[in-house]
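Both complexes shown next keep chain A, but they swap its partner, so chain B is in the first and chain C is in the second.
Moving on, here comes the complex of A and B:
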């Protein structure tokens, strides 16, 4: 049943993405920035997906510490790994946009720096898990680290409001103007990207189940 | 005075201006392609890593199960 849902969601995400890429490719360039502006249709959805993944990881980590149920630990690691891939895509697309518009690949302004720190924090979460063998200790330390790492997420989101940054103000909820039909295309692409993230997380979660089964088989093999 | 005719409008610009603008638009589009390719490449590489991990897990589970069945027979 889960496999069927996974395939249906995956197929739906692929169809939506293909359609969105076709529609976005046919859009005219923005007046000031030209074609490169269209990178926003991917740059923002991958960022929102990554930040949502961080929020889910926070909730799962808290739930693990409260209940000691390893299902929540599995969810936290799965969603963090997927979020990290999306955040990497966000940093790279932003850097390429910056090269064209600003003439530089990178600047140490509050938004870019906090996003990079966020990526490093969640990468260190995965490294921490690799370093600890005992499952309960690993899950506990990782949950605490995940909660600590989340402190950076509001800083990433609100940095453009709190400080004067080179990164532009938000187009959607910061007084920017975006044509209504472009907004619809953006919403569809947002849905497609989130679906890709959900499918990836479900696959990764299944792998965590398989890993637990493997650990249990290993213990049985040692006991015999 | 407003110039509505395209030839008159183009006459305001030199060949260098037009070449520069064409180059800017081409570069713009080229970087958009780089951006999209890089973003999707990261996600595709991650998916390939997940596929490899899944295969490895399945292989290890199958071999351990086979080993445990053999031991139980003995």
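Moving on, here comes the complex of A and C:
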């Protein structure tokens, strides 16, 4: 049953993404920035997906600490890994845009720095997991660290924003204007990107389940 | 024994053990000196723009040297299974954590207060002009470093690659605290007191310390038991 849902969602995500790329490619270039502006159709959705992933990881981590159910731990690690990949995509697309518009790959502006710090925070979560062998200890420590990291995100964003700002102001909330049909395309691509994220998380979750089953079989074999 | 008495006993025990062996504090002080030396190769001291960045330099020294103290905090209890005995002792995890954190706090502050004059001599900085305010920043920044570091020390004590993991965990999460401390320290060592522009950093530092102290005390029991 879960497999069927996974395949359907996966196919849907691929079709939707292909259709969106086709539509976006045929759009005219933006007045000032030209074709590179279209990167926003991916840059912003991957960022929103990554932030959602961090929030899901927090909830899953808290639920693990409360219930001690390993499914929540599996969800936490799956969604964190996928979120980290999406945040990396956000950093890379942003960097490409910056190279074309600013002429530099990287600048220590508020949002870039915050995104990089968040990436490092969640990378350290995965490294901590890798270093612990005992499943219960790994799940507990990782859950604690996920909570620690999530609390840090708003403080990082606030403090670095205070430090400096030169990122273009968000297009949707104040400043700039986005034609209505572009907004619709953006919404469709947002859906496609989120779907890709959900499918990746589900695949990863299935791996975690299989791994847990393997571990328990191995333990049984040792006991015999 | 009341909670604070337990905290005090743990703190006194850790400080006594450290003062007798001096293993962490010696390494930390020597390391602080080495970094101060290395910075002289990296930056031209006569450069005027250098004067605006001295606070950053100082906090990098503190963060690096502090890690050496923090790394030993829980690792010290590994021989003879002392950690198991401490966890089995009739005290709460929060008391154990707070005691250890306070002992680390004293040690890291000690290292900082020794490196500060050395830094002043090497880089021609009259750091003492705003000393009370500088001390306040040191106290707040170091507490942030200590709380996060002690928690990381508890998390990494039993795992592979302990020494590698601690800085990997500590520094990214410390970014806001270190950034704030650096922004406050640079003008202070240059002789400018905390003004309306920098006071936000002070508030942020206090908030960071309060939030992570509370969350650590709340979660440390879970970490120690498993």
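Here is the rule we use: the second predicted complex is superposed on the first by the 210 of 224 C-alpha atoms of A that agree within 3 Å, B and C clash if a C-alpha of one lies under 4 Å from a C-alpha of the other, contacts with A are read in each partner's own complex, and residues count from 1 in each chain.
Quick note on the criterion: a contact is a pair of C-beta atoms (placed from the backbone, for glycine too) under 8 Å apart; a residue touches a chain by one contact, two chains touch by 3 or more.
Quick caveat, the model's predicted, so the values are computed rather than measured.
Output check: A:185 vs chain B and chain C. Expected answer is one of first, second, both, neither. What do you get?
A:185: touches no partner chain.
Just chain B (first), just chain C (second), both, or neither: which does A:124 touch?
So A:124 only meets chain C here.
Who does A:89 touch here: chain B (first), chain C (second), both, or neither?
first
Classify the contacts of A:211 with the two partner chains as first (chain B alone), second (chain C alone), both, or neither.
Only chain B is touched by A:211; chain C is not.
Between chain B and chain C, which one contacts more residues of chain A in the superposed model?
When the residues of chain A touched by each partner are counted, B comes out ahead.
For the complex, give me every residue of chain B touching chain A.
24-25, 27-29, 31-32, 34-36, 38-40, 42-43, 46-47, 50, 53-54, 57-58, 60-61, 64-65, 67-68, 71
For the complex, give me every residue of chain A touching chain B.
Listed in rising order, the residues are 21, 29, 33-36, 38-39, 42-43, 46, 82, 85-86, 88-89, 92-93, 96-97, 99-100, 196, 200, 203-204, 206-207, 210-211, 213-214, 217-218, 220-221, 224.
Show me the residue ranges of chain A that touch chain C in the complex, using the header's touch definition.
My answer: residues 65, 117, 120-121, 123-124, 127-128, 131-133, 136-137, 140-141, 144-145, 147-149, 151-152, 155-156, 158-160, 162-163.
Along chain C, where are the residues that touch chain A in the complex?
148, 151, 155-156, 158-161, 165, 168-169, 172-173, 175-176, 179-180, 183, 200-201, 204, 207-208, 211-212, 215, 219, 222-223, 226
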